[in-house]
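For reference, the structure is listed below as structure tokens.
Read from first to last, the chains carry the letters A, B, C and D; within each, the first residue is number 1.
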Amino acid sequence: MDFELEWTPEQEAFRAEARAWIEANVPSIPDHPDPANLTREEYELQREFGRRLGAKGWLYPTMPAEYGGGGLSMELAMALEEELDRYNMPLPPYYDTGGKLGGIAILVWGTEEQKAHFLPMILRGEIRTWQLLTEPESGSDLASVRTTAIRDGDEYVVNGTKIFVGSSHGAEYSWMIVVTDPDAPRHENLGWLMMPMDLPGITVEQMDLLFVGGERGAASGIKNTVYFDNVRVPAFNLVGGEGNGWKVAGTHLEIEHGLLRSAVRDDPLTERVFDYARNAKRGGRPLLEDQDVRDRLVDFYIDAEVTRLLHFRNYAWRGQGKQLTYEGAQAYLYQKRGQLSKARAVLDVMGPQALVEAPDEWAVADGHVEVHQRGAIVDQHPGGTAEIQRVIIARRLGIGRDVREEPGRLR
Amino acid sequence: MDLLLNEQQRMLQSTIQDLLRRDFSKEMLVAIDAGTVDVAQGWPALASTGLLGSLVPEEHGGVGGSFSDAGVLFEELGRGPVPGAHFSSGVFAALVLQECGSADQQSAHLPAIASGDAVFAVAVTEPEYGWERGDVQATAERTPDGYTLSGVKLHVPDALEATHFLVAARTGGESVGLFIVPSDAPGVACRTLPGLSTGLGEVLLDGVAIGEDALLGGASDGWDAFERAMLRATAVLSAYQVGGLESVFQMCLEYSRTRRQFQQPIGRFQRVQDHIIDIVNHLDAARWTTYEALWKLDTGRPAESGVHMAAALASEGYYLACNAAHDVHAGVGIVREYGLTLHTRMSRTLYHHLGSPRYHRRRLAGALGLQPGLS
Amino acid sequence: MDFELEWTPEQEAFRAEARAWIEANVPSIPDHPDPANLTREEYELQREFGRRLGAKGWLYPTMPAEYGGGGLSMELAMALEEELDRYNMPLPPYYDTGGKLGGIAILVWGTEEQKAHFLPMILRGEIRTWQLLTEPESGSDLASVRTTAIRDGDEYVVNGTKIFVGSSHGAEYSWMIVVTDPDAPRHENLGWLMMPMDLPGITVEQMDLLFVGGERGAASGIKNTVYFDNVRVPAFNLVGGEGNGWKVAGTHLEIEHGLLRSAVRDDPLTERVFDYARNAKRGGRPLLEDQDVRDRLVDFYIDAEVTRLLHFRNYAWRGQGKQLTYEGAQAYLYQKRGQLSKARAVLDVMGPQALVEAPDEWAVADGHVEVHQRGAIVDQHPGGTAEIQRVIIARRLGIGRDVREEPGRLR
Amino acid sequence: MDLLLNEQQRMLQSTIQDLLRRDFSKEMLVAIDAGTVDVAQGWPALASTGLLGSLVPEEHGGVGGSFSDAGVLFEELGRGPVPGAHFSSGVFAALVLQECGSADQQSAHLPAIASGDAVFAVAVTEPEYGWERGDVQATAERTPDGYTLSGVKLHVPDALEATHFLVAARTGGESVGLFIVPSDAPGVACRTLPGLSTGLGEVLLDGVAIGEDALLGGASDGWDAFERAMLRATAVLSAYQVGGLESVFQMCLEYSRTRRQFQQPIGRFQRVQDHIIDIVNHLDAARWTTYEALWKLDTGRPAESGVHMAAALASEGYYLACNAAHDVHAGVGIVREYGLTLHTRMSRTLYHHLGSPRYHRRRLAGALGLQPGLS
């Protein structure tokens, strides 16, 4: 076993090239602890940088080059991400579920024409894409969605409501799960649709929430309700064929359930919390003199490390071509629950100061700590709750069943 | 053994419930949370119930009720949770004044507290946050006429509503005195902190000159007396948290029945059930330790270990119950208008108030004789 | 509210009488940490004492006097138990599920003839009774038992196997759940039978287990497998009528699920563990200097106190005539899980010495600590697992259901 | 990055698996547990595999394998769990001898350890149990010919099987030396402790006279070197616990499919699933931290924090997984012949071995620079 990559001279050369290019092209955008504070101007800079990355195939470096991806190996993609990380810049540098989730679904399930049409604009960064899954009556039970897309000639007519959608600053496209045949049996009644967001009949409205975090590299800013009122979309945009929406969803859900992380890095919160603890005092004495403070920090560290290692295992095994089953959901579950226990450890160590929001002078670590206090709660639900991860783990391990559930198709 | 409310307590409970239903609907509480309605708007209604004088002696215009009675009232307030200075002023400050204040000071301020005309907030904690004597670093320098107070008080509940502060400050060496400081005194500046907490403020004391009679009890060290008052206040705060727990539990129970996923109520799933069972366990653990602690205070029994245990269970339980409730509700729970996040914020806000769970556990260890050399 | 009983002069007089009588009659029997070490002779002394208590109605003090119980109030029964407690003597002073569980079932469901026949011998201590519920294929799912009792004239013919049965030193009777009609629907096919244990065809065989604890007052010593091979028992012994076994079971299960405790006392383990901690040293320094040791002891204390208070609430409310629903199972769940967390706290504090068994010189607290290390695991299962308690709590609270489950009949 | 076993490790694994299937069936392990078969009976078979020399250099008759290789072997042993002195002698003592012993001492003893002819147990802990230098209170008094050892060593694994002990004793002041003591030396008395633990013994040292050459490395203070050896041994012990965890997980998975209650496999119930998911989470957390720690040792990277983290997770995980497995199995789990209690006992026995989880967490805090004054 080898827990570190050894870089070849060729790979190091690529890294040097990437570093130089990034240095020349990367925009300077403040690191907002709360992504909701990203301005429209800053967002446009991100998009512009994305298009430049896309032109080189570096926006989605491991996706096939023929559709605008980079066609790069996992190792080179990792080098690229590490270099971007110096500027605290994720890949893509804005919230875009187009390539991360939808792109793979299109790659696996799309017709040649659909791939040729949709993938290049996604992978080159020409469009940014939201995902539209959850509805007021359909959360964990995604297959019970009610938004309909009824075929009418060469178009589908879409009606319904999606919630917890997207981010700030809009999107050019969304992909969504819809009911194409209200009379068909469960799981056979669905379609998977690429929806241009500028069609008539679409209304986007911001939700009022405790917080909207967004994971690293997917900082979403805000969430919206999206209403569809007789929206007419070309039938061409249905990917995977009528009645196959659940299978197509299986592909992007497989990624979302724990395989979204690409290169695996240390959680930057760890060092922020440790820094605080090393410098803080109570009653004039170092905070670290308290054994329970040290214990809590160690708990924190272990949570972060185990999460890192499980994601790392998954990343490495995917690279080695080993079939993953329960491991994605396991890492995701660990990550989610780890956020909660880390949030409590932080509150225990810092006291109410952990609850002070930037830009207040008392905010810890420029507000990253307060954002984490809120985000840890909110992070429990997107991409499937902890309970849903447990459902997946149980089925994939074959607990109580002789036949284990198969993972969704990834190629 | 009689573990039911008595007749009078049931009346108290029903009166306050009626008021809260009328003046503190969920929509109102959400509006206060969103900042579209001022928290102070509800003060007259609260004051009218007499609950601010629940623990104030009759001679000072209060009800002179028992701690258990106060528990009944504040449990109902916690259900909202109804924010504001009712606890800070009507319980915490009232008890500190009774424990530390001179007869004159009590006569001067307790009636106003009981009537709601004065609003007291207790300004003890600082940037190096904690509830131990050694955590107080603000200073009170002796002047010919009195004292000059300097320092930063942080995470002070209800600071912005207060007409007066009870300020803890070092009077020399390890000694800590408690001072009455009008919030409009020159040199006092005050604001609410932004973020996940609710109603916590910063109070800057920039050379605040106060008279000699501002020192509670005229005692240059009032910390031990302050701790006695704090212990009693803690048991009432726990009752408030029990109310919050009860409310979170009821929200989850209701949602478990009405929300359907996978063609059945979500409460049919064992994982959802277990979250709710965890909540009811936190609730009942906090509830019965709190009730016993209040009973011990009322009957003059040694109450230290009981109060600390209840406080640890109530603070931790409320915090963890909110986490579990978010698991039960998933996305719906984080929508502000649904109302769960009111509790989420309050549970975080109160987590360290009057001592963190760690503080209470340490004190409990002491009360149980679990200190080296005490065997 | 009042968390303490105030004793009237009449009650104090009763207490004085009880104390004097007990002092004159109580046998001296060593307090075996492991009840399996109770000798036959010691057991016979317990039985003899039980018969003497029974003659006064004090063996089952709150049961109706007309059937041999004491007909005493809850308060007087509590005084009696407190006095017995001075001699570390539970009530009854041996394992007997006859009066504690079976007796109530007979009282609620038996015919007048059955009550007159069975109750006096139980309540006077003339017989000791085991319960026979679990079978190799039926644990949590009690309703799925396979042992049959087929009517044949005036008798039932019983065939099957029961496991985890009873105690050391045999029993005169057992009550048991049996299938009276193999063709009837689930829950309507069962009978509840009082079985004399001296009938031909009954074989009792000791099981080889990690440990068999037994709760306070029900110290069971060992567990057995009991085989029934064409055992013929009078039809008179079927309580509640054919097909009603599940309802009768509902009564004794209601008691077993958390309402078995009568007077509620502090867990004696707490003081044993605290004593150890106050006197122990590590590297020459007091163990209590370690903050984590103090923390663990506080955890331990809180677990014990909450369990005590929940049982106390149930006991007081039952006395006040308040209908309990989920509270019994809740207290039982807390007690069970508390045993596990207490066991770990003890192991953390004491190290491997907690694992040394009496009579070894290194055994802590005369071996009570090691017995608890084993017993905490074993205590998770009898009377319904923690999972079953959760099922009951959920149904009684009405989680996910508009109609709450009714408790089993207790009168 | 390559997180799969290499070719040679897969061969090692398959060889040891074959042996264990043959000589250490579940029935055999249950019989050893019940005391009807002597644990020493399996020693020749174990010795024949070469695993006792896995970490002994080739020059001393060993294999000179990597820590990761040893991890592969001991993970398989842990699955049984196969009890006995394989770890105490072949890993722990062998590493201590290499770290603390002189060249002569190594030549004299390592070959016998590798061949299984000598069986070493490490006798460090005492009634005031602990793995810190200060916990050693046995004394080594200087005599003209060597030393006289006195004291009580308690909870010593595999004491009864040992031909030699490595004894830690105070040589004066804070200094602790390590001594080689034959188990049949006059003044040595030894027995196994009864109870829930398995294979832990008491070793009485009643004025045991030993020669000067018994002192490891001739160093009157060898504690720091001992701790270095202990750290490495710890990572292999964690691998053994990972094997135990894997076995507990597999038992539960199997039972979840075959045991039916309420007309379905019990594994269909979410509560049962969650116990097993907790187990697999403990397993994988322990597994991957252990593998990384072994890799760090093999590649000469700083391994302190990694080993302590893995040890804490493996000890706690194995303990808690056994609890969860008892929840899954209920009554069946406590029946000795079923085999789960083998793990229950072993998880308790190893919980404190080479340092409790608390010890490892404290050391981890140190390794992370979380000590006051280190910032």
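Convention: a contact is a pair of C-beta atoms (placed from the backbone, for glycine too) under 8 Å apart; a residue touches a chain by one contact, two chains touch by 3 or more.
Values in this document were obtained by computation on a predicted structure and should not be read as measured data.
> So, comparing C-alpha centroids, which chain is the farthest one from subunit D?
B
> Considering B-D alongside C-D, which chain pair is linked by more C-beta pairs in contact?
If we tally the C-beta pairs in contact for C-D and B-D, the bigger total goes to C-D.
> With centres defined as the mean C-alpha position, give me the subunit A-subunit B separation in Å.
40
> Centroid of subunit B to centroid of subunit D, CA atoms only: how many Å?
The mean C-alpha positions of subunit B and subunit D differ by 51 Å.
> If a residue has to touch 2 or more other chains to count, which residues of subunit B qualify?
If we look for residues of subunit B contacting two or more partner chains, we find 266, 269-272, 274.
> Which residues does subunit C have that touch at least 2 chains other than itself?
Subunit C, residues with two or more chain partners: 285, 292, 295, 390.
> Which of the residues in subunit B end up touching subunit C in this complex?
On the subunit B side, the touching residues are 1-6, 68, 253, 256-257, 264-270, 272-274, 276-277, 280-281, 284-285, 288-289, 291-292, 295-296, 309, 312-313, 361-362, 364-365, 368-375.
> Give every residue of subunit D touching subunit B within the complex, in rising order.
269-271, 274
> For subunit C, which residues count as touching subunit A in their complex?
Residues in contact with subunit A: 290-292, 295.
> Given the complex with subunit B, which residues does subunit C contribute to the contact?
Counting only subunit C, the residues touching subunit B are 1-5, 274, 277-279, 285-286, 288-289, 294-295, 297-298, 301-302, 305-306, 309-310, 312-313, 315-317, 319-320, 322, 326, 330, 333-334, 390, 393-394, 397-402.
> If you look only at subunit A, which of its residues touch subunit B in the complex?
Subunit A residues touching subunit B: 134, 137-141, 144, 163-164, 207-211, 280-284, 292, 340, 344, 347-348, 351-353, 355-357, 360, 362-363, 370, 373-374, 377-378, 380-381, 385-387, 390.
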